[in-house]
């Protein structure tokens, strides 16, 4: 886990209620972790999810590809990392999550987000402006 | 939505607590719906998740690809459909979800599951046996 | 479980992702079940949660007392029952959940809801009007 | 919020996926926060939930009373505080949550936990031993 390769990293602790009957974090929770990381990144660049809403901008997930590699368990801590590319109206988040204790890869995901403006698909220029120093 | 093209379909109602601040079902809940559909399918073929656990078999998600097409809202009902292919030790679930009211596609997902036996990757023969009439 | 003692009953199936590491439904999910039951009741009386929102009415939980009696497990089905009393601006929901297979009591809850109108505490008269045939 | 009145305090950030259609944290998530706080307390005293499970001890919720006072929103941080009393086989957690920014009370809860040993109700002596410096 070479953090220098990512524009943003965020530390998240597993909460026991996220563990399912198999004794591991349920697969759906990783989408929560990934979303939470993107929102924290937006906070960092000064254009929070709440601020987007106020401007009539609604980011919407259009596609997720996620590979599950090492399951997380009770007591684990993860480091959630991201990079971003823009492709036309789409923002592609490359999101890698590692287990903090031994740097094992936990999940690798590619998440495509588009944005609606007043409920129509938009080019996402205001988001791109906020992200501009960070786009690959 | 031609149900005849699927080996299993399952009706799921949106519950209001699944709606997020955008007024639509939060993206992570679709992984819950997809998992619930797979488990109901396993019940139908007579090899439930609980029975797998008792035999030391643990199905584990290895990859999900999901395209989000139409967001679901409060009051919506979905029809969740699936087909399955086996590729070596992997079971590939092709899972399509439609909105019941107008048959709009909601999500299309390809979900890859492997199975552990006594915590080691297995060929999944017992699962394949249970699924045998249904594999594409 | 004498259903005749309740003004509304609703059948809910446990979904496996609601099970936690103890092999039983996680305690927080019962608040989801109870909320879902109240919303379905509102649908039945023709004043849905979505319709309330459109009129600027926001029901808000003010207190929950819940006794956990029999834990639910994978494959269980519950019957969720309710009665309602009005006390000034408060609506008190008496909510009892039973396991369908053997009528064991699962949880007994008393849930107090108030309603905001345009973000101020209101008397809840529109809700009381919709509920009028059902209040104890 | 006088932290000196509590034996344990824990800081938790709201995650945006916990917000529901009303723009506030959904009521059920507070049970998650309360549980997470109890588990972190158990970690602190050196008898984690995972360690309990290994010894055949299963803590089980028997009752929750929760008053909702100030709703949390996107970006909020809470300070979750607790005290504990033992009453025979029952451990009573007095759990108060405050909004960090202005110390507003968020929820006040009284949570009763009993413990099973090898699936039978136990006196909870091993838990009491771990908690002994902290019981009121």
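Letters A, B, C and D mark the chains as written, and numbering starts fresh at 1 in each.
Here is the rule we go by: a contact is a pair of C-beta atoms (placed from the backbone, for glycine too) under 8 Å apart; a residue touches a chain by one contact, two chains touch by 3 or more.
The shown structure was predicted, so the numbers you read here are calculated from the model rather than taken from an experiment.
S.K.: Centre-to-centre on C-alpha atoms, which chain is most distant from chain C?
M.R.: Measuring from the centre of chain C, the most distant chain centre belongs to A.
S.K.: For the pairs B-C and B-D, output the one whose chains share more C-beta pairs in contact.
M.R.: Contact tally favours B-C.
S.K.: Distance-wise, how many Å sit between the C-alpha centres of chain C and chain D, to the nearest whole number?
M.R.: 23
S.K.: Just the number, please: Cα centre separation of chain B and chain C in whole Å.
M.R.: 28
S.K.: Find the geometric centre of each of chain B and chain D from their Cα atoms only, then give the gap between the two centres in Å, rounded to an integer.
M.R.: 34
S.K.: At which residue positions does chain C touch at least two other chains?
M.R.: Residues 16-17, 21, 28, 32, 35, 49, 74.
S.K.: Show which residues of chain B lie in contact with chain A when the two form their complex.
M.R.: For chain B paired with chain A, touching residues are 21-22, 27-29, 31-32, 35, 49, 53, 58, 60-68, 71.
S.K.: If you look only at chain A, which of its residues touch chain D in the complex?
M.R.: Listed in rising order, the residues of chain A that touch chain D are 15-17, 32, 35-36, 39, 43, 48-50, 74-75.
S.K.: Residue numbers of chain C touching chain A in their complex, please.
M.R.: On the chain C side, the touching residues are 16-17, 19-21, 23, 26, 28, 74.
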